[in-house]
Amino acid sequence: MTKPDRYILTITCPDTIGLVAAVSGFLRDQSCFIDESAQFGDPSTMRFFMRAVFTRGANSTDITSIKSAFSRVAHPFAMQWQMVSWHDKSRIVIAVSKFGHCLNDLLHRWKAGQLAVDVAAVVSNHDDMRSLVEWHGIPYHFSPVGPAGKAEQERKLLTVVEQTEAELLVLARYMQVLSPEACAKLAGRCINIHHSFLPSFKGARPYQQAFDRGVKIIGATAHYTTANLDEGPIIDQAVERVDHTHSAASLVAVGRDLENVVLARAVRYHAERRVLVNGSKTVVFK
Amino acid sequence: MTKPDRYILTITCPDTIGLVAAVSGFLRDQSCFIDESAQFGDPSTMRFFMRAVFTRGANSTDITSIKSAFSRVAHPFAMQWQMVSWHDKSRIVIAVSKFGHCLNDLLHRWKAGQLAVDVAAVVSNHDDMRSLVEWHGIPYHFSPVGPAGKAEQERKLLTVVEQTEAELLVLARYMQVLSPEACAKLAGRCINIHHSFLPSFKGARPYQQAFDRGVKIIGATAHYTTANLDEGPIIDQAVERVDHTHSAASLVAVGRDLENVVLARAVRYHAERRVLVNGSKTVVFK
Amino acid sequence: MTKPDRYILTITCPDTIGLVAAVSGFLRDQSCFIDESAQFGDPSTMRFFMRAVFTRGANSTDITSIKSAFSRVAHPFAMQWQMVSWHDKSRIVIAVSKFGHCLNDLLHRWKAGQLAVDVAAVVSNHDDMRSLVEWHGIPYHFSPVGPAGKAEQERKLLTVVEQTEAELLVLARYMQVLSPEACAKLAGRCINIHHSFLPSFKGARPYQQAFDRGVKIIGATAHYTTANLDEGPIIDQAVERVDHTHSAASLVAVGRDLENVVLARAVRYHAERRVLVNGSKTVVFK
Amino acid sequence: MTKPDRYILTITCPDTIGLVAAVSGFLRDQSCFIDESAQFGDPSTMRFFMRAVFTRGANSTDITSIKSAFSRVAHPFAMQWQMVSWHDKSRIVIAVSKFGHCLNDLLHRWKAGQLAVDVAAVVSNHDDMRSLVEWHGIPYHFSPVGPAGKAEQERKLLTVVEQTEAELLVLARYMQVLSPEACAKLAGRCINIHHSFLPSFKGARPYQQAFDRGVKIIGATAHYTTANLDEGPIIDQAVERVDHTHSAASLVAVGRDLENVVLARAVRYHAERRVLVNGSKTVVFK
């Protein structure tokens, strides 16, 4: 059985009349079948967002011609758009420090075929996760913060991202803060998992903060990194109920399960081109 | 400030190429702006579902002409469709027995302008809720199961629905089972709240069943009624965690809050034309 | 059938060896049956918290003698304790402004016998809720912020609390901030519902703040009021998932259901003596 | 720093007056400090359940003497009881078929020190998970259903449980049904994860059943196995919201995360002696 010849089209542009008609009319004229599509017009910013999954039909031309034709549709609407094969996997690099639960979870999903990405490399400022990563057959870059300092260490991380041509950097409990330059370079291409329900408990030791405040529900947040720490566009969040019997340590244990699930979802949404950035927020077509 | 001249269009038909293009192209050609739209092609049944909210523009013709023109678009695709004013409220009749929490909740939302329906009447086989209903200025039809039997009582209920020209009957903890004939007559127009997480615990005393089984989570389910009791298309569900300390009575108390929320959501979704029936299931465009 | 002669005993004291033995041994010696009991030793503060529900037996002495005897048990442990009849209802006063959903919800629960409190009065700085409250047969005190200013208006509110001998003041979407003096006077006796998932979005317009931040889950928080606004001990929280399609207004609508449920739970927990304050946090024996 | 000399005491017996007093008085008399304790009297069965965690003090006798003395306290109340060291880890055997997510999750938690068990062996009717298990340094018993049939294969599984002296068998997506004899032998010592929100969708292919029924929430259930398939005492459940866009395959993907979390919790509760069986239900002291 051959794979369907399927593509994902994503679009962002100013909202106006006739946008859906232009896109869907184009696909019909190209003899393409729309498998899935979703769109959203944000009335507060008058921006339009769309994601469509379509399959080329027997009478369709090749994808290069389709792209070329679509650029003529897109131009008058000032669309920013992408058209990628459904079968092209996002190349990702994962950064981790000492806590390996998110890494282990991502690698298991990847190995079991549940996460449509290629894991190009894992980078860490500790050597603890080497065995796990190498058992999966993935290169492990141990890059401690040495005498040359954090800037040098970050440079090495970015070099791995560049050399692997990774499209996405996943900070899977990576305990180093990226510089504003790195954040700018990786804008919309770097996902962090923060172990609190943002905007509560930004910064260090969020579970201790949650314990001290006595909240009755804790959470985890996956977001794109920006120069303002823990302020980037939120992709997904999850929460769990806790009570007075939870110590800070047991909040950590509850939180790990949230971190796993939320980060894996965010990576999947990104890889499936379901996330479109809308200023400091996101549109997520689930 | 005048209200926007806004309409809701809902469509169900066999899935094929060009459907979104046909609808959105039509709306563009009519100078209508799409405020919201969502569509879904069910690959398991090859049925297509769509809901669009649009606003007539300065250059649009009147709505009667738009409807007439759309019927020509709809015909070749064998669309079942509706185009109703955003401002037209669904007329509903509520049936209740002795437990008034769902009724009170619906009436409060309605009175506070949070539920875009007109409550035409309340029907009950008990007289307990008369004062509450009449305080809201709504006619109360007390119709006990008398010597003439249940059929006669149901006939009276249906008469109220007909005479008020209600579009929807809401069974808000109404403890009488409708006859298959009534279910057929009200297909897709009668919403029931069942006090369990269906398909668990169908039939009578679901909280007692949940207690006996020792479940750790309970739920409530809003569904369209069908001749097969508690088997109708599910519109929404909600759940809450419980534990061994909950008696059957305290499950009832927890469940009431679920019932309120789930029934109110289902009625709102229905009133806003967000629910399309898909065989024994529903498509809900939230 | 006579009611069981049942009492609720709550205790807070420094943690040490033999506390549970002292209390449970006392109850056994008094021929009392323990229906429910829960205790918690906080290792971070070394404080002990206990709640026991017990029923006097055929051989028990009267409750006055039991209390007197228990004071001799309590003294060496420096216990702060209360022993109240299970059947004594908490007298409460409810304060409300223009949004009536929490008020309506509390009154319905009370009327239906689901909330073991006596509602002594409702106070408001608006007249909107008079009809609802009076339909329930409860005195309504309309006390707008007049030329005499907010201090005078607060004085009137506190007068109602005093004259009704209310044990608890419930701020059910009351949009006036209490003075530090009032908070001190009502310490542990005033519950507020804040319409966000604290500590996120303190202060004004939390749903707008949540919308602006683009969170994927919103919440509501019931807490005891303190002089530090929105910083008081949290009693309960609840959350609901939202997405990019929610406007600030639709977040408000989703949040209302959370506010209802969370506030009603907090009032019930308080009325059933399930909440013990632990510094800036709470112990809640559910 | 030496470990605290800490023990877990669990008790089940008929409910009567003086039980808590007897146990807590005993511990005080033995100079033991109660770190945690919880108890529950089930009014529907008049059974009493208790779990206490205590630390031997400087003046306490040795644990053998404490146990011996406690048996004299326990006898008149007909208590079934256990007193085990807090530091003794439960030995477990994990059975798996082809889906490795629960296995991977349990092994990661174990390796990271988050699950206080000793994994003695993994048994499978497939060879797929060998590499993962052996990387963790755990014996892998590949035992396919051969010509000798299922009875023979089950015998091998039980032999591993016996020879490893495992206290608990965890069915981590093990697709073979245990015989009634095996269930009887392992009563209260075998935990299964069922991939539905029981009692909905018992038996085979629950996600397909959920898809066919069109439920809006799916779940997973961890329970002790009994001869009646999927009817054993429920230990924990979890749920997640889904909608019409989920295919049966995507329900499977959502469900995997639920299965991981629920099974891990159930194993942890069991290992920490938090679960007491109450007829066909459980008491879980969280």
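Labels for the chains are A, B, C and D, by order of writing; each one numbers its residues from 1.
The rule is short, and it goes like this: contacts are C-beta pairs under 8 Å (C-beta built on N, C-alpha and C of every residue); 3 or more make two chains touch, one makes a residue touch a chain.
Just so you know, these numbers come straight off a predicted model, no measurement behind them.
J.: List every chain that touches both chain C and chain D.
T.: Looking at chain D and chain C together, the chains touching each of them are A, B.
J.: Computing the C-alpha centre of each chain, which chain sits at the greatest distance from chain B?
T.: If we average the C-alpha coordinates per chain, D ends up farthest from chain B.
J.: With contacts defined as at the top, give the pair, B-C or A-B, that has more of them.
T.: Result of the comparison of B-C and A-B: A-B.
J.: Go ahead and note the Å separation of the Cα centroids belonging to chain A and chain C.
T.: Those two chain centres are 42 Å apart.
J.: Cα centroid separation between chain A and chain B, in whole Å?
T.: Inter-chain centre distance comes to 37 Å.
J.: Would you mind listing the residues of chain D that make contact with two or more other chains?
T.: Only 36, 43, 245, 286 qualify.
J.: What part of chain A is in contact with chain B in the complex they form?
T.: 17-22, 24-25, 27-28, 31-39, 41, 43, 57, 241
J.: Quick one: which bits of chain D touch chain B in the complex? Just the residue numbers, please.
T.: 40, 42-44, 197-201, 213-217, 219, 233-239, 243-245, 247, 278, 280-284, 286
J.: Show me the residue ranges of chain A that touch chain D in the complex, using the header's touch definition.
T.: That would be residues 36, 100-101, 104-105, 108, 112, 114, 131, 135, 245, 253, 256-257, 260-261, 264, 286 of chain A.
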